[in-house]
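Each of the next two complexes has chain A plus one more chain, namely chain B in the first and chain C in the second.
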Partner chain A sequence: MKLSISYWRLKDRYYRLVGVRCEECKNEFFPPVYVCRRCGSRSLTDKEMPKTGKILTYTELKETLAGFEDQEPMLLGIIQLDNGVRILGQIVDTAAENLSIGDRVKAVFRKIQEHGSSGQIFYGYKFVRT
Partner chain B sequence: MSRVYVASVGYTTVGDHWNKSILDLAIEAGFQALTGAPKVKPEQLVVGNMFSGLSSRQEHLGALVVNGLGLTGLPGFKVEAACASGGMASLAVFNMLKAGQIDSALVVGVEKMRDLDPGEVSQALCAAESAEYTQFFGASFVSLNAMLARLYMYEFDVSRDDLSAFPVLAHRNAVNATHAQFRKEVSYEDVARSMVISDPLRLLDCAPVGDGAAALLLVSEDLAGQVKGPLVEMAAAESATNRFSLYERDDMLDFAATRLAAHKALKSAGLSINDVDYLEVHDAFSVVASLSVEALGLSKKGQGARDAREGKYARENGLATNCFGGLKGRGHPVGATGVYQLAETYLQLAHKAGPNQVDDASVGLAQNVGGVDTTAVVHVLRRS
Partner chain C sequence: MKTHYDVGIAGYGVYIPTYRLPTTEIARIWKGGGAGPNKEKAVACIDEDSATMAVEAARRAMDMAQVSKLGAIFVGTESKPYAVKPTSTVVAQALGQHFVLAADMEFACKAATEALQVVRGLVGSGMIENGLAIGVDTAQGRPGDDLEYTTGSGAAAYVLSRSNPDTLATVEAGVSYVTDTGDFWRRQTEKYPRHLSRFTGEPAYFHHVETSVKQLFETYGLKANDFTYAVFHQPNPRFPVEVAYRLGFKFEQIKTGLLNPIIGNTYAASSPMGLAAVLDEAKPGERVLVASFGSGAGSDAFSIKITASIDEKRKKAVKVSDLISKNIKIDYATYAKFRGKISR
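Right after this comes the complex of A and B.
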C-alpha cells in the first residue's frame, strides 16, 4: 500500500480536521460520511471541525503498530469535539497518570509517522490537554 | 424453505502449528467433518478466513481447499468479515441450504497466525478498522477495546475483578477441552497481575494468538436421514452491522450489531432469549464478553461483568457459556473462531461434549463478532 497517495488525498482532513456538514440539517461529521447520519441527505460539503473538545475515554498502548515504535508507550483517546463530533487521536505532551475522562483538550499539528526506509514523514492532528 | 441440520463437525487443536500450513489445517478439519458423515457428498465449499493473503501469501482459498480435499470440480469461495469470517461463512451456506439451492455443504474456518511476528498480527487484525482514521494514527485493535473497557468501567462503576470474571470462567472451562489452546485455570489475582497491554486491558483480558481450523458439514432436511446420532438443527443464522468505527457511535457501549442479529435470529427460530440454555459469546476481550451478554438481553446494561462474577454464566447453576473455553481459553484463530463456536455448540446439543457436557442442553446461541461489534453473526441451534 502506498501510504503517500492516501495521505496526499487526505491532507486537508489530517491537517485542518476538515470533515463535512449536512446542507439539509446542518449536522457535522468527521471522518466525512457520504450520507447524513441524522437525516439521510447526500448533500454534504466540507467543513472544518472545531479544534477543542474533551476526552471521552483513553488508553496507554504499550506496544504500538509497526512504524510507531519510537512513540511507545502511546496515549490514544476518543475525543468529543465541541460540535459533538467524536474522533480518535493520540494525546501527547503528558503522561497517562495525568489524564482523566472529561479533561479538556485541543488539536495540534504534529508528526504522525515516519517511514524508516523512505524517510517520508506524515503529519496530522494530535491532542494536548488545555 | 428447507430445514438445515449439522451432519458432523471437525476441528484441529488451537495453538502453535509450526509444522502445518494454512491448507494442512483446513484439510485436517475438513476431513474430520467429512469422515463423520461418509454418505454425505458436499455440493459446495465455503471457507471463512480473515487474512490468509498476509499470513501465508495465499488467497483463492475456495479452490485451494476444494482441491486439497480431493473434490476438484466442487464450487468453493472464501468469505471475509474480519473476526466474524467463520460465522459469516456458515451463514452463507445456511442461506443456500435454506433456499433449496443445494442439499449439502462444507464450511471450513481457518486462520494461520503464528507464522507472523506479533507486530504483524497486530497489523493484520487492525486491518478490520479504518485505514485512514484509525490505523493511520497508530491505534491497534487492542487499544480500541481498551478505550471501550475504560469507558465501561467508568460509566457503570465496574471493578477490575468484575471485568476479570469472563476470562476466569473461560479458563476454568478450557481445562477439560482437549482442543483448547490454554487448558489452565487462572485466578482473579492472575488476571489483575498480568502484564498491561493497553491500559486497563491486561494480557489475560485478551484472547491469545493461535493457529486453527474448524469445519461443519451441513445438510438440508432431504439428507437428514444420512446423519448418524442425534439430529441438531441450525434453526437460524442472521447478521447485522454497527457504525463502522467505535468513535462514530452515539452510544459506544451498545453492541447494536449483536442486538440486531440476535433479535432477528431468535425471531426467525421462533424462540426467545430465555429459551437459550447454551451460549457461545465472542470473548475476544473481557469487556467484549460483558457488552455482548448485555446486547443479547441476558444481562442489564452495565451488569454483564458483575453478573458473570456472580455466577450467572457458570457451567454449574448458570446459563452455561463458552464451555470449551471461548476465544480466551480455546483460542481465537480469527477466521476459524465462528466455526469453532458452532462446532462446540453442536457438541453440547448432540450431548457429545464430554466432561463439560451441560445437562439437557437443547437450544444453543452462538455470537461471532468482527471488529468492535462492527459485524455480528448470530446462529441459533436446536436439538431436534
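Right after this comes the complex of A and C.
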C-alpha cells in the first residue's frame, strides 16, 4: 500500500513527464528539483518535458528486481530528450540486437508494474524507437 | 437523435499495438488446419492494457484537435483493467484534463459509439465545448475457442467539438437501436466471454445493424448511394461484407474501413478504427456511414460528412495503414505470455 500512495503523489511525473524549468537561467530538470542546479535559483515552474529524444546508452537486464520478472529480458536506456535533459527509462517493443546508440525514441504510456491480480496497477513512461 | 448545435470531429487518433499473432499459430496449437477467418490479429504487449492504449490514441486525437480544454472523457471498453476504478480518470490524468465529466462506458463492441453519442449530445446541447470519446479493447477469447482467432487489441479516439471551420467532419445524423438479446456475455467474475455461436449472426449482428441503418435512412432521407464510404462493426471478415450487400452498399464503399482481416476484431475500437482509416483518405464533401454493433444487443448508426478542413488536419494524423504495416510477428507462446495466459 505504501508504494500506491508514494506513486500517486508523483503521477504527473510518471504520466506526463512533468519536470521543472528555471525562470532565471531557463534550464530544465527531470525529475523536478527545488533549487536550480545551474544557477541556484528557487524560481522554478512545472514544465512538461518533450516526449522525443535519442538513446545515449542502453543495457539488457536478464535478471530484474522483484516484481518485474515477467518483463525479462528488460531493456534499460539513458535517453537524452530533445531539451537536453537525460532520463532513465525502459525501451520496449524491440530486441537488444535491433538497438543502436543514437536511435531516435519517443515516450509512450505503459504499465510499469502491478501488485498481483488484486493490487493496484502503476502506469508511467517507457520509450519506443521511432 | 438531433442536436441543437452542429457537432464536428476536431481530431482523431488510433493506436494499434506492435505485435501480430498469425492465426495459423492458433490453429497449430488447437484445431489444426490453416489460418482462421482473419490472417492475423493485433496483440497488446505484456505492459499494455486498455488504459495505456486509450491514452496513446487520445494523445494523437488531442494533437490533431489542438483544443486546450475538454468537458468530457468517456472510455468505451469491455476489458477494463479494474472491475472497480475508472479507466477514464487515467486518461484524464495523462492528458492533464481535470475539470471533465469522466466515465467508462460498457456495451460490448459498441461501447465507443455509445460514448460518441453521449459526447455528441453534450457538445450539441452547448453543455460542453469539446469532448473525447474513446473505444479500446484488449479483446479476450478463451484459448481454443473460435473467438480466439478474431479477438484483437487496439484503440481509437475522437475529439468532438461544435462544428467550426477547423472541424474535419460533421456528425450530421445518428440513431441508436437496442433489444435484450443474449448472443454474447461475460459474468462478473469470469475471465473469458461466452457466446451462442451461430445465434450471434441473424438475431444479433444482422438484425440490429440492419435496423439501425434503415432507421437512419428513413429518419434522415438517406440511401446507400449517398455514401462514398461505409464502415460496419467487424466481428469477423464476413459479417460486415454481408450486411453491406443487404443494405445496398457495394464492396468499393466498405473496403477502406475493413480492417478485421489484418488486425482482427478490436471490439469497441472496431468501427471507430475503420472510420479513422476512411478519414485518412476521404475528400471534402464525401459522406461516411458508420454502424456499430454491440452484443446484448444494439447498434448505433451515424452519417458523417467530410469538410474542407480534412486535408490540413490530416497532416497531423498517424495513419492507420502505417500502424498496421509496422509490426512484429509472434508465436503462440509469446502471445500466451503477453496476455497473461501463462505466468511464473
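We adopt the following convention: the second predicted complex is superposed on the first by the 127 of 130 C-alpha atoms of A that agree within 3 Å, B and C clash if a C-alpha of one lies under 4 Å from a C-alpha of the other, contacts with A are read in each partner's own complex, and residues count from 1 in each chain.
As a convention for this text, a contact is a pair of C-beta atoms (placed from the backbone, for glycine too) under 8 Å apart; a residue touches a chain by one contact, two chains touch by 3 or more.
Remember, it's a predicted structure, so these values are computed and weren't measured experimentally.
J.: With the two structures overlaid on chain A, would chain B and chain C clash, or do they fit side by side?
T.: Aligned on chain A, chain B and chain C fit with no clash.
J.: Quick test of understanding: once the structures are aligned on A, what is the angle at the Cα centre of chain A formed with chain B and chain C, as a multiple of 10 degrees?
T.: It is 150 degrees after superposition, to the nearest 10.
J.: Taking the superposition as given, does A:Tyr123 touch the first partner, chain B, the second, chain C, both, or neither?
T.: After superposition on chain A, A:Tyr123 lies in contact with chain C alone.
J.: Classify the contacts of A:Glu23 with the two partner chains as first (chain B alone), second (chain C alone), both, or neither.
T.: In the superposition, A:Glu23 contacts neither chain B nor chain C.
J.: May I ask you to decide whether A:Ile112 touches chain B, chain C, both, or neither, giving the answer as first, second, both or neither?
T.: Once the two structures are laid over each other on A, A:Ile112 reaches both partners.
J.: Would you sort A:Asp46 into first (chain B), second (chain C), both or neither based on which partner it touches?
T.: The answer is neither, since A:Asp46 touches no partner chain.
J.: A:Gly89 contacts which: chain B (first), chain C (second), both, neither?
T.: After superposing on A, A:Gly89 lies in contact with chain B but is clear of chain C.
J.: Tell me which partner A:Tyr15 touches in the superposition: chain B (first), chain C (second), both or neither.
T.: Only chain C; A:Tyr15 stays clear of chain B.
J.: More residues of chain A in touch with chain C or with chain B?
T.: On the superposition, B touches more of the residues of chain A.
J.: In the overlay, answer first, second, both or neither for which of chain B and chain C A:Gln71 touches.
T.: Both chain B and chain C are touched by A:Gln71.
J.: Report the closest approach of chain B and chain C over their C-alpha atoms in the superposed model, as a whole number of Å.
T.: 12
J.: Once the two structures are superposed, pull the chain A residues common to the chain B and chain C interfaces.
T.: 71, 112
J.: Going by the contact rule at the top, pick out the chain A residues touching chain C in the complex.
T.: 11-12, 15-16, 48, 69-71, 92-93, 108-112, 121, 123, 126, 128
J.: Within the complex, which stretch of chain A touches chain B?
T.: Residue list for chain A touching chain B: 1, 3, 6-7, 10, 13-14, 31, 37, 56-68, 71, 74, 76-78, 86-90, 96, 101, 112-113, 122, 124.
J.: Using the touch definition from the top, list the residues of chain C that touch chain A in their complex.
T.: For this pair, the touching residues of chain C are 18-19, 45-49, 51-52, 55-56, 59, 81-82, 90, 93-94, 96, 328, 337, 343-344.
J.: What part of chain B is in contact with chain A in the complex they form?
T.: That would be residues 118-120, 122-123, 126, 130-140, 142-143, 146-148, 150-151, 154, 196-201, 243, 245-248, 252 of chain B.
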